[in-house]
Amino acid sequence: MKKNKKMVLFVSLILAFALVVTGCTSKPALEEAAGEIKIAVVGPMTGDSAQYGQAFKKATELLAKKVNEAGGVNGKKIKLEIVDDKNDAKEATNVAQKLVSDQDVIGVIGHFSSTASLAASPIYQRAGLVELSPTSSHPDFTSQGTFMFRNVNTQAIEGPILADFAVKDLQKKNIAVIYINNDWGITAKDNFVSAAEALGANITAVESFIGGQTKDFTPTITKIKNTKPDLLFLAAMYSETGMIAQQIKQLDYDIELLGTSSLNNQQLIELAGPAVEGLYLTNNYFPEDPSENVQGFVQEFKEAYGTEPDQFAAVAYDSLDMMISALKVSGPDRAKLRDALAEIKDYPGVTGKTTFNENRDVLKDMIIMQIKDGKFTLFKK
Amino acid sequence: MILQQLINGLTLGSTYALTAVGYSMVFGILELVNFSHGSVYMVGAFLTLIFLTSLKLNFFVSFLLSIILTGLLGILIDKVSLYPLRRKNAPKVTALISTIGVSIFLQNLVMLVWGSETKNFPLVINPGAVELMGVKVSFLQMIIFSMCLVIMIGLNTMIQKTRIGKAMRATAQNAEAAKLMGIDINRVIMITFFIGSALASVAGTMVGMYYQTIDPYIGYMAGLKAFAAAVLGGIGVLPGAIIGGLLIGVIETLSAAYINSGYRDAIAFAVLVLMLVIKPSGLLGKQVSKKV
Amino acid sequence: MKLLHKGIDFYMNHKKLLIMMLLVPIMAVPFFGFSPYMMRMITLSGIYIILALSLNLLTGFTGQVSLGHAAFYGIGAYTSALLAIRFDLSFVYTAIAGGLVAGFFGLLLGLPTLRLNGTYLSIVTLGFCEITRLVALNWMDLTRGPMGLTGIPLPKVFSWVIDKDAEFFYLILILIILTWVAINNLIKSRTGRALISIREDELAAEAMGINILKYKLIAFTTAAFFAGIAGSFYAHYASFIDPQSFTFDESIQILSMVILGGMGSNLGAAFGAVILVSIPEMLRGLQEYRMLMYGAVLVIMMLMRPQGLLGNVKLGDILNKKPVNEEEVSQDA
Amino acid sequence: MHKLQIEGLTKTFGGLTAVNNVAMHVDDNEIVGLIGPNGAGKTTLFNMITGLYTPTSGQLLYQEKDITGLKPDKITDIGIARTFQNIRLFPMMTALENVMIGLHTRTHSTMFDSILRTKRHRTEEKNNIQRAMEILEMVGLESKQDEYSKNLPYGEQRKLEIARAMASNPGILLLDEPAAGMNENETAELTGFIKGLKGLGMTVLVIEHDMRLVMSICERIYVLDYGSKIAEGVPKEIQSNPQVIEAYLGKGA
């Protein structure tokens, strides 16, 4: 009999737990009457990419608070729903289904990786809900449907800029490549390699690694060293770039490094310090930019969280701000929001002037930066 | 290049071996596949780092504190998530799932407390290097490698010679009989967990220092590889864990260097599977004959 | 009390009828007005029910702990996705092909198992799972690697294209029933008894004339076959698959379902699947605390019922007709 | 022709010789005993006959067919079934299911028959249950058919193990210390039961320490000591054989 009691206890515990949790999550729906506009911010809040999702969260919450304090959008408050997709395709589709089912959700900022964004896109498209990804640069993403927007240059744009800089400005002829084996890394590598080869560069080695899994890069570096390149192009996130740079140094190898805008993060310098000294990267957001909106954003962010906002925070901030300015025109209506968003021209964001083209892609000006004396410094506009 | 790659492989292998030794020991005594070991390893590395950077303690003090705290964490994990199951005589897979739960919990706890971004692990030991026949070998590599050997020999001596070691062996062979002989099984298990986890902290710290970076997810692959290394060498056999670790490290490095860097883990696992098919109880494991 | 006894007797005597009656409300699920999100969760649970049922055959009934079930799930998914994309085949064929290819790999993985036991078997299945994922990740020409396969067509059952939530629901329901009946029939037969006897005492089973290799291979192949079918459904349902969906974590998830439900209980495996699909969804509101809670819940569940929800419990036993002694519920897997 | 014939059978483990050049035979419908002090190699001999161990050298013939080195399941199929010294039932299977496992080699429905519930499966299953119940009745366990075997008392577990072995309809039944752990009443009952098996036309080879049981049921007895055969003969001869007495009681007794 004692056992039965335990079983009953167990089942009721689960039920109670479920109730509490569902109770928690459904509460906001009750407040709906107050005239709120619900926008979902989706990204990896847990898992090995959680720092990027957290950047989304911090930046958008900061902006929502500011907008609400200033009276909201046409008198309505912005209500953010922060959702975790673990940067996993399956979770992303679950989240998308959940969000499209909630009629109060007017727009979605997310997802983080192209994989997640791509997986979720058919669901948003079918439901007619805007999916504005601050970071998905896979060329196929926005061609999934008319409700897909992105606020980042595709690799088709960034790759040639980088190749041009490497071959023409730095005068490098022999280039090796290390890329992260995900959809972003592959497109970044492909675009860079084809542009560089077209400019007459010789690609000496192309090596991949698996994000979150590979921690030891010594065999790859040793192999590359043997092909004698004079520049190493890294299509990687800042954390792995830090590791690669450290290990290059440890192997006593001296080579110039070039990376993408994904490296624009103070963390990289904290992580690898002298090992990334001299690294070149493209960028469209520069915290030291003296312009008013950038400094305003950086100040607010520092006050709220005590750290400098990185590329991911900046681009998420811009994305939400663009959505809000579109909402001012369209009102809380999913389809109208899409149309208003598509109309946005020359929006003055902290990540540069932004216009959506007919494919709902953006073309942002890119600058070249270099890490010098432990700081990101402007190298070429 | 092959020599340099071998050195790379041996170093990578010794990081696996370092983790695998503790793993193998816990398994040897409890016959428990402890999936939380990887997370404990990660926690160990984080603790050292936090003492070192946030509390600005001396490296050796930080290291020692981390070893002790991580050891205690091991005991806590056992008391909370495994002891109740042992008492109920639950099937072993239940314990396996329980340790997976602990692993997920620890990983996310660390992420919540210290953030999920990759962190710099300062280089406290001067990383000089010597050059032999055109191959660079850093002192750090040598320290890691000798650490492996010292720990293995130390543990082996302890298990063979000391009283607690004998109690451990008795428990490993037959817990019931050991209990009847007056051995305090729970104490033995507690000490086993303490040592195993403390070693995980040593491994985590050394590996963190070698790569100069750590993040809350380093335990995942390290745990799997340590598991693989321990099994390859013959689980429960300490020298086996070292050989298994080194072998996996070298195979992985050579596959990355000469075959395809994308397939490096796949090849390492394929070799593991193949070796187990040929020698089912691991390289140094004893073939257990059927008891009738 | 007496009434309860009678109730249980009634259940035991009319089990089939009652299960049929239970099917009626389940059949009516699409008419309950659930949101598309709920329907998605229900359908996903359905996929995991098939996965848990199939792993239960291998782990729960035959006692072979596999950490690589996601590999078969993935192989099934990739096989049918490729067949559907390249040859536009009907779901009937892609599902069978997915099952057969997965079954073939199950057979291959099963071969070394005669010589391997316990932990050694687990690490081989784990290795197999990792190898499968890494091949899917690197074999760009076939799988498009990390880009995944997009645009997998909706499932067609002959000329009927399935595109509504309700239709997906009925399709997965049919697959669950087929899997359940097949596995249940298999278990309650000469073959099934042989499988269980291997779990109970491999040596005694061999001495009683059971060809261990043959029956382990049957278990591996059948389990892989049904996992492949689940993968096939998932590919068509999600219309996008990538190697990240079939990781070692996924294997662990499926194994947890079987253990949580209670090894060797089909109903338990189904419950385990539903619970472990629902919990992360219910916890979604916790944002970054979600996985922390999930880990804790996993441990608590194991501690509270080490033998699983329905493990080693026959409904007739519940009213201490035949008390199952907790101390005795030890069978090493 | 002997039913089971063993010639020069030897098994060594490392440097240790567990069974040394043993020759023996069992004839049809005979009850033969195998005795010897602990560690004499009796169970090792059983393990070789049933295929669990491969002999280091020597030959095993069953009905003049060479069965040396065959796999255990093959040997059961051919007609040799056994019980274990330390009962090895299937604990989480019912008594009936345990006996039905014994029927495994005598039935033939495949996994497809089971999944599709073909006629072959259904008729075979019906016959199986009937046959298994008959066997349970023979050992007096018919009322315990639905009990998990682990919940049965010790004596009944022993009986169930014999029933399971009998279910495979063996040409020869090997019993490894069937009376171990039984009280006097149970042993007496067992003695009667084994005698009854002879009446059913069965052939039995039994290892047993209970001398009273051995002497009362066995027609012939083999004695092993330190792996070697030291005596054979009818019970009377064995009882008076000085070598046997020495082996059991030690030198100088």
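In this document, chain identifiers A, B, C and D correspond to the written order of the chains, with residue numbering beginning at 1 in each.
Heads up, the rule we're going with is that a residue touches a chain if its C-beta (ideal position, glycine included) is under 8 Å from a C-beta of that chain, and two chains touch if they have at least 3 such contacts.
Please read these numbers as outputs of a predicted model, since none were measured by experiment.
Asks: Taking CA centroids for every chain, report which one is farthest away from chain D.
Replies: A
Asks: With contacts counted as defined, which of the two, C-D or B-C, has more C-beta pairs across the interface?
Replies: B-C
Asks: Closest chain to the protein's overall Cα mean, using per-chain Cα means, please.
Replies: C
Asks: At what distance in angstrom does the C-alpha mean of chain D lie from that of chain B?
Replies: That gives a centre separation of 47 Å.
Asks: Just the number, please: Cα centre separation of chain C and chain D in whole Å.
Replies: Whole-Å distance between the two chain centres: 40.
Asks: As a quick test, compute the distance in whole Å between the mean CA positions of chain A and chain D.
Replies: Distance between chain centres: 71 Å.
Asks: Measuring from the mean C-alpha position of chain B to the mean C-alpha position of chain C, what distance in angstrom results?
Replies: 32
Asks: Specify, in ascending order, the residues of chain A that touch 2 or more different other chains.
Replies: Within chain A, residues 46-47, 50, 54, 181, 208, 210 contact more than one other chain.
Asks: At which residue positions does chain D touch at least two other chains?
Replies: 52, 84 - these are the residues of chain D that touch more than one other chain.
Asks: Residues of chain C that contact two or more other chains, please.
Replies: Correct list: 134, 137-138, 203, 288, 291, 297, 326, 328, 331.
Asks: In the complex, go through chain A and note every residue touching chain B.
Replies: 46-51, 54, 181, 207-210, 212-216, 218-220, 222-223, 226, 238-239, 242-243, 246-247, 250-252, 267, 270-273
Asks: So in the complex, which bits of chain B are touching chain C?
Replies: Chain B reaches chain C through residues 27, 31, 33, 80-81, 84-85, 88-98, 100-109, 111-112, 224, 227-228, 231, 235, 260, 262-263, 265-266, 269-270, 272-273, 276-277, 280-282, 290, 292.
Asks: What part of chain C is in contact with chain D in the complex they form?
Replies: By the definition above, chain C touches chain D via 182, 185-186, 188-194, 196-197, 200-201, 203-212, 218, 222, 264, 312, 322, 328, 331.
Asks: Help me check something: in the complex, which residues belonging to chain C touch chain A?
Replies: By the definition above, chain C touches chain A via 35-38, 40-41, 44, 134, 137-138, 145-148, 150, 238-242, 244-245, 275, 278, 281-288, 290-291, 297, 301, 304-305, 309, 318, 320, 323-324, 326.
Asks: Would you tell me which residues of chain D are touching chain C in their complex?
Replies: Touching chain C: residues 50, 52, 71-73, 76-77, 81-82, 84, 88-93, 97, 100-102, 104-105, 107, 109-111, 113-117, 121, 124-125, 128, 147, 150-151, 164-165, 168 of chain D.
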